Each structure stands twice: as C-alpha cells, then as structure tokens.
Amino acid sequence: MQPNAEGLYRQMYKSRRFEEAVTQLWNDGHISAEMHLSKGEEAIVAGVLDHVMDGDALALDHRASAPMVMRGIDLALLLKEFMGLEGGLCRGMGGHIHLFSPEHLAASSGIVGATGPAACGFAIAAQHLRPDKVAVAFFGEGAMNQGMLMESINLAAAWSLPVIFVCKDNGTAVTTSSADVTAGDLLTRARGLGAHAVSVDGTDVDEVWSAARDAFVRAREGKGPMFLHATCVHPEGHFLGDPLLRMVRNPVRELRSKVGPLIKAATTGGSSLSERAVSLGSIAGMLGRARETQKHTRDDPIERQRQRLEISDAQRDELERAVDDEVQTAVAAALRGLEAQP
Amino acid sequence: MQPNAEGLYRQMYKSRRFEEAVTQLWNDGHISAEMHLSKGEEAIVAGVLDHVMDGDALALDHRASAPMVMRGIDLALLLKEFMGLEGGLCRGMGGHIHLFSPEHLAASSGIVGATGPAACGFAIAAQHLRPDKVAVAFFGEGAMNQGMLMESINLAAAWSLPVIFVCKDNGTAVTTSSADVTAGDLLTRARGLGAHAVSVDGTDVDEVWSAARDAFVRAREGKGPMFLHATCVHPEGHFLGDPLLRMVRNPVRELRSKVGPLIKAATTGGSSLSERAVSLGSIAGMLGRARETQKHTRDDPIERQRQRLEISDAQRDELERAVDDEVQTAVAAALRGLEAQP
Amino acid sequence: MKTMTFAGAIEDALMKAMSDDPRVVIFGEDVQALRMNLYAKFGEMRVRPTPISESAFLGAAVTAAMAGLRPVVEIMMIDFVAVAIDALVNQAAKLEVFSGGRWKAPMVVRASCGGGYGDGGQHEQTLWGWLAQVPGMKVVVPSNPADAGGLMLSAIEDEGPVLFMEHKLLADYWIDALANAGRINLEYDIPEAGARGEVPKTWEPIPIGEAKMLRDGDDLTMVSLGVSVHRCLQAAEELAKSGVHAGVIDLRTVTPLDTDAICRAVEKTDRLLVVDEDYKHFSLSGELAAIVLEAGLGAKFARVCVEDTIPFDRRREAQALPNVPRIVEAATKLVSR
Amino acid sequence: MKTMTFAGAIEDALMKAMSDDPRVVIFGEDVQALRMNLYAKFGEMRVRPTPISESAFLGAAVTAAMAGLRPVVEIMMIDFVAVAIDALVNQAAKLEVFSGGRWKAPMVVRASCGGGYGDGGQHEQTLWGWLAQVPGMKVVVPSNPADAGGLMLSAIEDEGPVLFMEHKLLADYWIDALANAGRINLEYDIPEAGARGEVPKTWEPIPIGEAKMLRDGDDLTMVSLGVSVHRCLQAAEELAKSGVHAGVIDLRTVTPLDTDAICRAVEKTDRLLVVDEDYKHFSLSGELAAIVLEAGLGAKFARVCVEDTIPFDRRREAQALPNVPRIVEAATKLVSR
C-alpha cells in the first residue's frame, strides 16, 4: 500500500496555511498569550493522521492545531476558540492549549507528558467499547523525561493497549537542548518500557506514513503499543514571539536591554572565570541553535512533499487555491464572530 | 580486592537477628501497623553497604531496617522508634516507614519511588559539598514503574550524579506479580535512561559486593550513576502478617470466611465462564506464589554466606553470640523504655 | 432487616453497579486481591490490577471516562494521590469548563484514608479538603454502610469526577491487613455503627450534597464527617449528661457542601463546632466558617481538627486526631462563651 | 532613592544571597535562559537547567537541602507543581515532624502564578491556599519589588520549605515572554506600584508571617495579597469617593498567617472582605473567616475570589479574577449590611 501523495500534501498544506492565518491573527492581537504552532511537524502529523478513522482517539499536547485541522475539525471553530469567542470549539473557555472535541475523541492538555496517560485511557475504552480502534499520543522529546509518560508506555505495553506514541523530536524543549538533559536514548528507553520502537525522519511524510501504518496495524490487531520517534524542526521556535528567535531575528532591538546586565553579571565576581566562560558559551550556543532553526527551509516537510507531487502545476495550484479559500473563509467567519462579540 | 566474608556475614546476621526481635515485638503488639522487613534482602544490603563511608547518603524505602542496622545506627534507637517511644530515633514521630538519621545522611520514605529523587538530591549536595561522596537509592522492582524513579535515573545520568540505584527484585509488589504489570525489561529501561546497568543474584553477597564495588568506584570518580539489579525473595511476604501468607500458612482459619463469598461471586453471573475461570486461576496463582516464597530457604542469603565462612565453628558461634547479645541488649533497653513510658 | 459491614456494603453496591452497567470497570494496584470477589465475578478486563504508576492509571481513568467507560479507579491510600494529582487538578476537574460544557469525565476515585491505627503521618491523612479545593471535583466521605453503598452508586452515576473516600477504621479489611494483620492483642477505637449497620433491601443512590442531621440539639451544632461523626455522637452523649444539648450533622459530602442544612442548624444554636479529621488550616473547617459568616450568622465557632503531621506513636496519634475528650472540651468552652 | 522592577528585585536579592552563601543553588527548567544573568555569573553548577522532570528535581531539592545546600528550585508555573507535589506534601513538609525535629529542609520553591493575560485555566492558577494546607509549608506571595526581594532573602534563610510565588502580571519578563511576546497591541492591567518600585539600599530579610497594613479605614477591612492588593487599593480609592473608608491589608504571607494584624483590623471595622485570586472554597478566604470567628469576632464577611476554572477568553477571564468593580460592589454590599 502506498500513501496518497496529494492527499497528504493537501493536509500538510492546509495545516500550514491555517497556522499562517493564526500567526496573523495572533500578531494582530486577536489571540492572547502563548501560541505554540505545529509548523515543522506537519509531515509527522499527516503521516500518522492518515491512518486514523472514526472511533480512534487523539491525545494532543500544546501543539494541537495541526492534528485538529487534519482530523477535519471545522477551521472556524478552531480560530474562534483561539480568539476566545463564544462560538469557538470550546465556547472560548479552553483556548489554544486546551482544545477538546468529543465527536473526534480528541483532547489536548498543556501539561507536558499528560498525553501519555490520556492515550492509555482512550485505548482502555477502545478495548471495551470499540474493538480495533486505537489511540494516538503526540508529545515532544522533552516530554519523554516526564514520569507519567514513561509510566504510560509501560502501562500500554503491559496491557497490550492499542496506543501509538508519537514523539516529535525537535531536539529542544523551550530553550533547553534536550541532548543536555536527556540521557540514554529514547528508542532504548521505549523498548525498556515494552514498546515496539522505530525512528524516522519526521520531515519525510512517506517515511512517517509507512512506519505509522505498521503501528496502526499492530495496534488494531491487539499487539500493543508502538513508539514512533520522528525528528523535526520548529521554525517558529517554542511559540509565537519566542524570545530567543526575537533576539536572533532582531538582535539590535531585543538584545539591547539584555547585554549590559549580562556582561556585568559575567564580569563581576561569582564563579571561576572558566565556569563563567562556559556559561557564556552555552548562552551563545542556545542562540546559535535558535538561529539554526531558521535555516532549515531545505528540511521543510511541505516543500519536500511538494517536490514529490506528480500532478501538474495547474492541478497543484488548484488544490492549493481550494485550501486557501477554505482557510480564508474560516478567517472571515472568525473575524465576523469577533465583531459580533458584545 | 575481596570482600571480607566474616564482616559481611556479621552484618547480615545482625540484621536478621534484629528483625527477628522486631517480629517478636510486633507479634506482642508493641509495634503498630505495617512492618515491612528486609528479610531476604540482607545480601543486597550488606554487599552495597560495605562500600559506604561517612559522608555517603542513603535513600531508603519502606524496608529501611537492614540498611539502618548495617549502617551502624543504634539498635535500641531503632526499636524504640518502631515502638513509638520518645527515646526513639525520631522521638517516636516517624515510625518504621519514616526513619531519619541526619548524622548518617539516611532518610526513608513510604512513598514508592521516592528514593530516586531523594538519592539525586543527596548526590547533588555531594557534588557541591562532599566531592567523591555518593548516594545510594534502595527500591523494589515494583517501584520501577513509578515515574519519579525513572525521571531520577535520567536526571542522575544527565548530570553525572554519583548515585547507585539498587533495585531489589523479589518479583512481587504487595500481591501483584511484577511480571504481569511490568513490560520490557528493567536493565534495558535503565540503560535507556542513561545508567550503566548490571544484574546480579541478590542472594549471593559476593556477587552483589563486586558489582557494587564497580558502581561505587564509577560514582566516586564522577562517572555517573549505576543501576544495580539484584534478585531476592521475601520469606515474610509484603509485611508482617501478610494476608496472603496467612492464608497459605493457616488456610483453615484464614480462608474460611473468604471462600464462601468468592465461590458465590464466581458462580453467579458476571463475565463469561472462561473469564471467571481465568480470574480464579490467577487468584490460585497468587496464593501459589506466596507459598513458593516459603520454600526458598535454600536461597536464604544468610545460610549461603554461612556455608562459605572459613572460620572455625567456635569462632562463628562467638561472632553470632556477640551479635545476639547486642540485639538482646537493645531489646531490653527498648522494653525498659516502654515501661518508663507514662 | 439486613446489615452489612462498611466494606461489604461498598462491594455489594459495586456488584450491583457492575452487573447493571458493563461500562463500570475497576482498576488500581492489587485489585485482584483487594476486590477478590469482584475480580472472580467480572474477570480481569473489568477488575484490572495496575503497575505502581498512579499518574498513568489515574490519568487514563479520566479519558477512559471521557470515551464512555465508568471507571472506579483506586488509589490505595489517599496519601499516595500526591504522586498523581495532576490528573484530577489539571485534567478531570477542569474538563467540563475547558470543553465549554461539552465533555465530562464520569469517574470515581476510590481511596482509603484516615488514621487511628499507628501507621504514621504519610499513611493516615484524609486530604478531603485539599481535593475539594479544586473547582470541578466532588468529594464524598461516608460514615456508615448504608451511606457508603448509596453514595457509591451516586458517585458512579455522576457525570463528573467524584472522590469516594473510605475511612480505614470503618473498613474491616483494611484493619485486618494493615493494623491487626493476624494479631489479636491490639485495640482500635472503631465506631461500631460505622463499621457495620443496617442497609436498604435494594441499593438506591443517595444524592451527593445532602448532609444528614443525626442528632438535634439546641446548644450547639457539631458538623463532622467520616469517623469523627461517631466521636461527635459519643461526645454529645457525654455533654448531655452535663446538660449541654449538642446537635450533630454528618456532612457526607465535602463538596458540594449542604450549605442550607448547616446554616439552618447553626442559626438555631448560634454555635458551630467543626470536628474534622482533616488538617485544620485552609481546609473544610475554614470553609464552614466562611459559609456561616456569608450567611450573616456571626455564630460562635471552634474546631477540633488535625493540627500538624500525624505522629506515629499511637498515644500521641490519639491526641492528634479528633477524639471525644477534645470534642467535649471544645464544646464545653464554646457553650460557655 | 533606588527603584527596581519586581523581577529585578528578586534577581538582585538572589545575586546577593548567592554571592554571600555558596550553598545557594538554583535549578529548574530553562534557568540558563530565565536566569541568564545569574547563570552567567555563577556558572552551570549553581544555576542548572533540568529535564522536564519536576518530580525528580523537586524531590531532589528536598534532600539536597537536607544535606547542606540551600536550593532555590523553580517550578515554571505553579500549575505544573501538580505533577510533583508529593515532594512537598509527603516529604519536605513532613520532614521536621517525622524526624522528631532533628532534620529540616531549607529550600525555596520559586514559581510563577496568576492570571490576567489570557493563558487559560491550566496556566493561570495561584494555588497558594492549596499549598498552604499541608502543615509544614510556608507560602509567601509578594506584591511589590521591595517585599519580593526581602521575602526572597527570608525564604532562603528559613530552615524549612518555603514556597515563593511570583505573580506573572508583576514580573515583566513573564509578560514579555508569555503575553506580549514581541507584540505591542495588547493591554494588561498591570499594577504599576507592583511591577516597579522603591527598594532598600541594601537588602534586608523581611520576616515571613508579617502582614502589612497599607491603608487605614474604619468601615471595612480588605485582606488581600499579590496582584489583588493593588486592585483593593484602587477599589478603596473609589469607595472613598462615596464616603466608604476601607482599610487594606497585604498579607504577604499565606502561611503562617498574621492572625493578630488581621484580627486587630477586623475588630475595629467589624467587616472583613477577603479579596483573593485563589479558588474561593476550602482555601485562604475560608481560613480567614475561621480566624475571625475563632477570635470571637462575629464580623460581617464577604469574599471576592476565583469561583471556577479560569476561562480562556480574556473578557470572561477578567470577570473571573478579582477586579475593581467586583470589589467595590462586594464592599458596598458589606457596609450596607
């Protein structure tokens, strides 16, 4: 079986366009506080979601928009929720980190690691009520150090729960390089917890799709959980307006107020000179890593998939235009909702 | 370097005699509630503790008496604590699951898994204040499913903390067979968390001692944590008066009231016949495992070490008598404390 | 007339609920042994022993409930919920609001609680006020077999998360396993009427949020729950001998609180004595004070609670827990004020 | 005269404490970025970024403190403490009692808290009453730079566990990172006097447990803390226009509570209005009611708190948090009673 290249592209493209609209609304001040994008993860989400059917469940982390979009949740409902409108998916009560769609058995949580237990519970319910249905957990590599997630992998394996644990590894948790705080390796860890485990390039939707197919087959057959590790890059950093990216993108404005105190701190007493030098080195490294994420357009999962399409340019344009329209319609509806707000 | 066979035997014998005294006091009603013995774990504790020096720290679980005894904590202080006397180690406020000796940097907790974070904290303090000192965490194999313990192994590995994680694996957590609820395997799991990991026969104090020596050397050299997995049997079950052991040891009296309702429940409706048969099978299996632990005298770590002693019978008798006296003196002191209680 | 033990009543109610509704499932540590009869009857899929992974399985209970089951998930002792409480505080309790009222988690968290048998401060807490503090949680604390069975049914039927707390002194099997453990030379102050009592012929749900007036009295109102209810009744008897007439209310539910019943009684007596095995500060007793004041009742008020970490030593433990002499003393002071 | 921002004052106090005492170490997620200046000055061993393993590193802080360090451990937002609270509830808070008074854990838990910038109910809680409920914990909640610096020093010097809570609306860097994030088109109701203010020339510890009377008033006493203190002051101004004279007390410490200061003020005004950004029930506001009643003061009482999970939508969020109109309304009702 082969993936449908166009269908996957469509999904990824839609998520990307949707998030671009979200970025605009956020920039305009219509969306409050933290907004974590799925941008850069589209191939992972598309490759996994393509195997999801009704009755399957989704446990989503703070980057829930791509899965929700690709699961077919109404875009206007999502936007209105992000904007805190009564007409939103959760009547404006949950917001972008706390999205819920009972019809799709899709639930998100802002607590890092919470998608592990959540997916297990969905899978337990499936074992009782929806045989051969599965649950998917999405989380980052940083979440793999949260105890409840590790507990959940073991629970799923011990109970042969139909769970697919999808670890989206961008190498970074907020500002921390996961390599610095994660020991051992995640595949071994997952195997030590009893899960079948594979690693793929998460910017290649075909690779993800194939690995995910195996995972879904296994899970639907009652063979227990799979740990699917997929690498990716977040070109928008941790969330919109990421302070590190602001410094990288606009060093003059953003660093001005910070450099003075930093130099002062680093040069007046404290630890040994060498320790202070190490600190400055890792601060530079942190900014360097942030800068790196800006160069990864060659790894852009959507570009990659676009190159692979075997349809004519006209057909592709049409596909894209249809998506653009859908997104624009949703934005218009959301903005109307905003105006109608008392 | 070779272990001192006599010294290890002395430690194990002392712990055993001490716990026999504890059992007597508990049977006599002088000790309240749950009393978890280290009985069966003596070789693990002795083999590890032999490498401990002043400034090293101990994070202890609900089976803290052997480590406390072998660490040289006054036996009367321990007994008085178990009896809730003002003169006890913790003035009778902590009791047998919550034992603390600041002089020995020894702290216990009744929360399964809590020794992981505790050992990490001790080790962090060592890195700052006591270079080349280490921290030991004791816990059971059941605790390896508690998230905070897994988190701790990763933290220790990521920070190269001098921690020795000692997993005392008796295959059972209260009444549950760990094989039924633990997936993967613990060595792989520990390695996936970045720890060096080895497994030994925990009833052979020599084996434990040698593995522990490596662990301490590594840790003192700043090479990070080691996971030391050691098998054992608990001949007293989970705690004194373990209900399963009571059923096994005294089936007529203990099972009488239970069998009727059980048969009734299993024979009147409910799930399918085959499912109910499986349940009855695993209940029988649970009792069978409990019965097994009663047969393991051949694996008794103290007997094993006794056979290996190369001293004369008279010397051994003298050694044992000296320990017996020490324990008896402590018991007498504790009972005097009890009488002096207002 | 049918009588049952406290634990027997809960088992019986569960037996009924599980027979009536296949969505009711139990999971938790050692349930194959702790719920042996249910395990034998309903099999391992419905009574499922877990690893020692409270965060995973309590969290799983929330979404299992969201996806159609009615889990009764067990935390062996409520003290241990501290390792897993995110699942309640940040997930289950907030779901209904977060989802704009569109999704609920009908789950029961069953946990033993309470002291009086010398198990130390990390194994004898009640923590009901702590759990009640988070909006979205319901917390029930039965004091006798009939309430235990009826409240268990309501907890299972409820559309949201309900914490069902079972005091160890009332549940014979906990005393057998943790306190006596085969010994016969120890004594516990077990309230007889709490540990065994009349139950209805067939179980009916008892509404969550209704307190019960157990004794009328004009001089002061004692408000209590769980084991302490029985201490209050005993104290009321003693007080009666010296001519003090104390009413006793059994809250049965910590949240939602039966504000009306409490205020009605206090309005009459103008004196409120809260007797609560939970911690004294920032908990249930304070909330009761606030309720009374909000109702414009400037009643005389005192509380007999647990003031600090519970001591291991049984003598000091007995002093730390609400007991009859402490209640009598506090009541006597209160009526003389 | 020296002024500092709220966050700057905390950093400055930490800089002093860390310079004076090599036992003071910081760890938590992203501290190399969040505490960049301290990181640059003191190096990675003393300012150490952790994995997202709150249970491990909060638990580790307890024993690190027991073994001689003075950790300032960071929980990024107090909401997240739910995944790790066992380390406080069952370990740190109980240590002193458990060890018969022989061992203590001198640690500070630093956490951001509070709402007002549209981040949703899982990221805007305060939870201070929840944490105060467990005997053995101290909880401080500064409302301005001077108190923040002075209380941080006391928290570090304290021999037991102290929770130091930093309201996000007061700390500019949180607003920058979480709320504005480079945007300039949003508004927040940031209390100026809380976000920046005078600080002493050299830092002196401010005793934990001392409330501060900020405004005298004969008609009612408002008791508050954190951001809400500023709302109260503003409300008091408004009330003054209509001839109502409201006193305002800034608790500064949730536990131990400054019972004397509270009772003294309430005795005079006979009216207590608690304004608390924490949950309404089973929390701080109830405890204050109990304290007043226990002191024999049958004061008129009301509370303006958070009643349910905080809504995401900023309009509804603003209604859910204590705000000036709600306070004025409650106060007006209270004085007319």
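Just a few scattered comments:
By written order: A, B, C and D. Residues from 1 in each chain.
As a convention for this text, contacts are C-beta pairs under 8 Å (C-beta built on N, C-alpha and C of every residue); 3 or more make two chains touch, one makes a residue touch a chain.
Everything quoted here is computed from the prediction, not taken from an experiment.
Comparing the centres of all chains, each the average of its CA atoms, the largest separation from chain D belongs to B.
When the C-beta pairs in contact are tallied for A-D and for A-C, the bigger tally goes to A-D. Centres computed as Cα averages put chain A at a distance of 43 Å from chain B. Annotation: 33 Å between the Cα-based centres of chain A and chain D.
The centroid of the Cα atoms in chain B and the matching centroid in chain D are 41 Å apart. In chain B, the positions touching at least two other chains are 90, 92-94, 98, 109, 111, 145-148, 151, 154-155, 158, 180-182.
Multi-chain contact residues of chain D (touching two or more other chains) are listed as 45, 50-51, 53, 55-56, 79, 82-83, 86, 90, 94, 97-98, 120-122, 309, 311. Partner chain D is touched in their complex by these residues of chain A: 26-29, 32-34, 81, 84-86, 90, 92-98, 109-113, 142-143, 145-148, 173-176, 178, 180-182, 239-244, 246, 258, 261-262, 264-266, 268-272, 275-276, 278-280, 282-283, 286, 341. Within the complex, the chain C residues that touch chain B are 15, 18-19, 29-30, 32-33, 36-47, 49-56, 79-80, 82-83, 117-123, 176-183, 185-186, 309, 311-316.
By the touch rule above, chain A contacts chain B in their complex via residues 145-151, 153-155, 157-158, 180-195.
Every residue of chain A that touches chain C in the complex is listed here, in rising order: 57, 59, 88-94, 98, 100, 102, 105, 107, 109, 111, 114, 116-122, 124-129, 135, 147-148, 151-152, 154-155, 158-159. Per the touch definition, chain D reaches chain B in the complex via residues 22-23, 25, 45, 48, 50-51, 53, 55-69, 71, 84, 86-87, 90-91, 94-95, 97-103.
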